[in-house]
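Each of the next two complexes has subunit A plus one more chain, namely subunit B in the first and subunit C in the second.
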Partner chain A sequence: MLLSYLARRLGLALIALFGVVVVAFLVAHMVPADPLAAVLSEHATKDPAIREAYMKRWGLDRPVPEQFVRYLANVLRGDLGESFTTRRPVVQDLRQFLPGTVELAMAALVVSVVFGVPLGIWAAVRHNSWVDHLTRVLSLVGAASPIFWTGLIALHIFYYRLEWAPGPGRLDTHLQMPVAVTGFTLVDSLIAGDGERFASALRHTILPALVLGWFIMGIVSRTMRAALLEVLAADYVRTARAKGLGEAVVVGGHALRNALIPVVTVTGLNFASLLSGAVLTETVFAWPGIGRYAVTAAVRLDYPAILGVTMITAIVYLAVNFLVDVLYGVLDPRIRVA
Partner chain B sequence: MTAVAHAEEIATPRATPASSLRGNRAFVIGTVIVGAWLATALAAPLIAPQSPVDVDVMNRLQAPSPGHLFGTDEAGRDNFSRIVYGARITIPAALGVILIATLVGSAVGAVAGYAGGRVDEILMRVVDVVLAFPSILLAMAITAALGLGLKHAMLAMILVWWPEFARLMRGQVLVTNTNDYVTSARALGAQTWRIVGLHVIPNAFPPILVKATLDIGNAIILTAALSFIGLGAVPPEPEWGAMIAAGRAKFEYWWAATFPGLAILSVVLGFNFLGDGLQDWLNPRLRHD
Partner chain C sequence: MRDTRYVTRRVAAGALALAALLAVVGPAQAQSRQETLILASSIADYITNDPSRTFEFTSQIIDRAAYDTLVTVEPPDISVVKPRLATSWEISKDGKTYTFKLRPGVKFSSGNPLTAQDVRFSMRRLKHLKDQPSFFMDPVKDVEVVNDTTVRIILTDPDASFLAALSCVPCGIIDSKTVIAHGGTDAEDGKEKDKATEWLNQNSAGSGPYKLVSFVRDVEAVLERNPSHWGPKPYFAKIIFKHVANATTQKEMVERGDADVARDIDADTAATIKDGPKIKLVSGLSLNLVYLGLNNSAEVGKELADKRVRQAIAYAIDYEGLMKGLMRGAAEQPPANIPLGILGVDKSMARKRDVAKAKQLLTEAGHPNGFAVKLNYWTRPLQGVSNEPLAAKVQADLAAVGIKATLEPKEFSVVVPEYRAGKVQMIIAEWTPDYLDPHPWADAFYKKGGPATKRVFYDNPKMNDLIANGVRETDPKKRAEIYREIVKLANEDVPWVPMIQAKVSYALNPGLKGFVYHPVWFVTLGNLSR
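Let's turn to the complex of A and B:
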């Protein structure tokens, strides 16, 4: 039963993955502009001989279905083409920049859970009190704020006015990025045993992580609150109270464990929206990640690069969804049938 | 006083839709904010004290003052006037995107849900694929492919957005189709179009309307974000996201980025309140707390 459920989920994920490649191909071929104009000089694009040579080199003279098959084969081999701006294979760029984005997203996830879960518990326990209203306002404003603006305001207050936080960038300007082992600057500077670099990287992480974390903290705290309220109304909680257990034991020991299940799910599903939120956060904080890479690429009409980022994030999204589905199936046998 | 309040409390469950809307705080707040912004957009020439685009180099980056409520930007343009006129760009763009996405998505979803089988399977796989992309990245990629500009950004957003409505509509059709009254209508020989028109659409309308209203806020943020990046509206157009981008590196001139951001925040809050209020009104079962 579980195996066939997993097989079906995996099948759907693979079909979606194929579709992602199709969409990427379609977008690249939708380009009304001359694809050669982006790479060749104005003079060269007018020369029929050069044009023909380049069309041939990239297979642009072949029929579209054949181009697609070639594209698919390249993608499967891990070849996403060459970026027009960096003049490097897109895969190489992604390998360099993806860890930075994951690092930022993880830090933001920690922020959202560390603040969101206690706030949600507090709001549920003190139902309809000022804490409850505060979390509601926080999540309303968080959901309605453009993250690129929140980032700028945070920089203005904590960097420019108060000078509590460092300015944009991954490290202080006099420091060099550590040798990439994991690609995570915090981890790599630890591996290198460089305390100054680690401290600098950590200080540069706090503000962007808070900005991005706030973006989903509201969702986490509201989910926690709703789940806990529901559990607190359950019979076994009433039984626990009837046995004379203290409020701390009832909430902490009985209710919380069950209420955390939806929170874990919602948080996991929001990892994908963290990745898209990271695009703008990175831009504002000059953070070396795939988001900033994608923005630079998009503005310069560097399709291979932006499609590479788009594809990799779609794959991450599908993988996370698949994992959540699997976890669901394991945790709740009723879902496997549906 | 207490007696009246008490009477109202008792009357609430059987109150008419209109009066229950008046007691719906989220709906009232949302209506006021959104109404104020729509009025601002319509009456922009009457409200704005100055031209949103006229350059005044003698008055560059002036701090807020009675003459320039929100200060001036790097070309000496009046920020207040620009924000007022900006309501004519971002809000209609978001409304247009969501309207078209709703229509297209609902049509596709209705076909999928009604046809079932192969058609349904194929359409839903397409929906899955588009939804697998983070919307901002796919919108960026499409805008880059189409060429920069607000119109292309809007088209990209529609392409990214319709699947959400398709999925919702399909679900609604499937749910409605299992209702006994639809089965009996079909048994009585009602034509498909009659069932769709009389039963499916009226049933599907409330959740679609709620989602569309809530999504307008998201569309405003995405429009502004694309302009902020440099893919949507470009200066000197008074688009809010583009204005924030122009003020981003100017920490000492805090007003340049702060006020357009507050404009976005307030109008998005307005649409979110409106959507929540509609939700409470149209679907009392989901009423929170």
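Let's turn to the complex of A and C:
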């Protein structure tokens, strides 16, 4: 039963992925612009031979349907093409930049859960008190303020004014990136046994993670609050209370477990929005991640890079969705049948 | 109620524990970075560090430190070509043969000696890669090795700008043995066969004061002192470029001591910097031009095909307002699409606004009530200039003489191909320097068929003759006179309205010594010290 459920979800995910690739390819190629204009200098375009060489290099001289079929065939072989701007295989670029973003998004996820869940519980337990209002305001401001702005202000206050936080970048300026093994700077500096670099990387993670995490912390805490309130009004909670159980046991032991189900879903779904939020956070904090790579790619109309980023984002999104579905199925056996 | 407080307390305790954890990961240990130079800079323009392929700003600064050129041009006087790897040179009477004597005993960072053979290899590789900067070798017919320390370059036609061109980064001399070992070639099929670029992106093979030791795209570039360098030992043992896009953040990093140089300070950020013990604002006049392109053809330019109309437009622009208002004084008005500081170009030749004259010219041309025109511009920032307010200002200035301009903002990748194909009526565009001689500008903007000239269909036989004479003339005084003539004629014909030559601002640690702004490669890193 569970297996066929998983197979069905996986099949749907693959179809969705194919759809994403088709749409992204068509949209990128429908833009009435010349991708080489952003890449080649004035002098290079003076000589038609140089231009032709570049057109040929990226297969832009072929008709669009042919380009698409070739692209698909290459993708199936694990080849995402070569970026116009980096002149490197897109796979190699993604391998370099994705870990940074995942590191940041994970840290932000931790922040949002660690702060969001307790705040939500607190607000539910003391609903309509000042705690509830405070968390509502905090959540609203977090979700509503543009990350770009929050990031700049946070840097200005905590790095420049108060001198509490380290500056932008992945490491202190005098340190260089550790040898890339996994691509995750925290992990790589540990592998290298470099304590100074690890500490630096960790300190540099805090502020961007707080800024990015705050963004979805609000959603997590509001969901937590609503779910817990609903559960607390349920019959079995009343029964538990009637049995004379302490409030801590009622909330922590009985209500919380059920209330967490929607929180898991919401958190999972918002992981994808963390990825897109990372685009702006990375720009402000000079964070070497896929967000900045995506921005450069979009501005320069770098088709292979745009498609690569779109695909990897879609895969992450689908993978998280899939995980959430599975988790949901595990938590609530009724779902599996539906 | 007691129990709710219990929950509240647990939550509060959790939050406190987290705050404590954040505090434990304490501040960085102060590490002596006396001998490390750190530049906070956007390095997103990177495409390659291969000197024979690159034409982007960051890579030029880096490659300038890693590779030596035969000759160099250093501010303040950027019209004088000075020796570098070549200690002396002779130019034949017909202006076609250049013989260079090379500095003896020069070694590359690999330890290999630098010989005339390396010069020949470098020039031929640059030519045969057929990449962005290959045009530097367009005038060259052949490169001959006379002996280890003498090299002869033969041109197809005389070219008085050639020496200045040799000072540029793409003409840097590369270590042929090392580059060949990494798959490089100077053969004619280099475009297909050369495989050295990947290695040269991460390393360098030059004789300059520094060598490139690592490059991580959009993160950092690291240079270290080249122990084999022939010249004086540079002060800094290490130079790091840290990628930071935001100007305010760059400035704050200098003030906090995390960086020594903030490279991309825009006018708004510059206005917030007060010189003090932690930071110093410096600026230099760039050679970047922001101009108005006027299509001279009847078909696309329509009314603009009439010289009088183009002159009227040039008279309509409020240059003083542009310099003082939009640019806050951080700019000069160039007299032509050849910037100030270049041979033959003089500040006094710049046009002044004259609304009455503009209206009179329009009346003479048969448009007493003006006409409608489409003003194109791209939406990404120009060189140091915000394009939206600039376009609005131009629109308002034109309206003051009766010309109704419709703004046509477009994506860069959309409007540039249209412009290059000669399909836009009027456009705000930009130009950055190729090398420090008037010829590249004259050739690009005023010679028939030049890369920019052909976009607006400008063609004046008298101008073409002047430009041909200018590039042939070897006497600097006579040359300057010719370019003055060119500027005058340019102001008469007005295929372009030169508007802004921006100053470039940057912030420095006040303890940094030897910083002189270079309009092509920003700064000669080897000259810096504390």
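Details
Methods note: the second predicted complex is superposed on the first by the 288 of 338 C-alpha atoms of A that agree within 3 Å, B and C clash if a C-alpha of one lies under 4 Å from a C-alpha of the other, contacts with A are read in each partner's own complex, and residues count from 1 in each chain.
The definition used in the following text is that contacts are C-beta pairs under 8 Å (C-beta built on N, C-alpha and C of every residue); 3 or more make two chains touch, one makes a residue touch a chain.
Keep in mind that what you see is a predicted model, and the values were worked out from it rather than measured.
With both structures placed on the common chain, the touch criterion links A:L14 to neither subunit B nor subunit C. The larger set of touched subunit A residues comes from C, when the choice is between subunit B and subunit C. Contact with subunit B, but none with subunit C, is seen for A:S273 once the two complexes are overlaid on the shared chain. Once the two complexes are laid over each other on the shared chain, residue contacts for A:A192 go to neither subunit B nor subunit C. After overlaying the two complexes on the shared chain, residue contacts for A:V284 are found with subunit B and with subunit C alike. Look at A:V330: by the touch rule set out above, it reaches neither subunit B nor subunit C. Of the two partner chains placed by superposition, A:A319 touches none, neither subunit B nor subunit C. By the touch criterion stated above, A:W149 is placed in contact with subunit B alone, subunit C being left untouched. Within the superposed three-chain model, A:Q96 lies in touch with subunit C and out of touch with subunit B [touch as defined at top].
In the superposition on chain A, contact of A:A73 is made with neither subunit B nor subunit C. Shared interface residues of subunit A, touching subunit B in one complex and subunit C in the other, are 31-33, 152, 155-156, 159-160, 283-284, 299, 301. Note for the complex: subunit C touches subunit A at residues 2-4, 6-8, 10-11, 14-15, 18, 22, 25-29, 31, 33, 36, 38, 40, 44, 47-48, 55, 130-135, 191, 214, 216-220, 222, 240, 242-246, 248-249, 252-253, 255-256, 258-259, 380, 411-414, 416-417, 420, 431, 434, 444, 451-452.
For subunit A in complex with subunit B, the residues that touch the partner chain are 12, 15-16, 19-20, 22-24, 27-28, 30-33, 128, 140-141, 143-146, 148-150, 152-153, 155-156, 159-160, 226, 272-273, 275-276, 279-280, 283-284, 294-295, 297-299, 301-303, 306-307, 309-310, 313-314, 317-318, 321.
Those residues of subunit A that touch subunit C in the shared complex are 31-35, 37-47, 49-50, 53, 85-87, 93, 96-97, 114-115, 118-119, 121-122, 125-126, 131, 152, 155-156, 159-160, 163, 166-170, 172-174, 176-177, 196, 199-200, 202-203, 206, 246-248, 251-252, 283-284, 286, 288, 292-293, 296, 299-301.
If you check the complex, the residues on subunit B that touch subunit A are 125-126, 128-130, 132-138, 140-148, 217, 221, 224-225, 228-231, 241, 244, 247-248, 251-252, 254, 257-258, 260-261, 264-265, 268-269, 272, 288-289.
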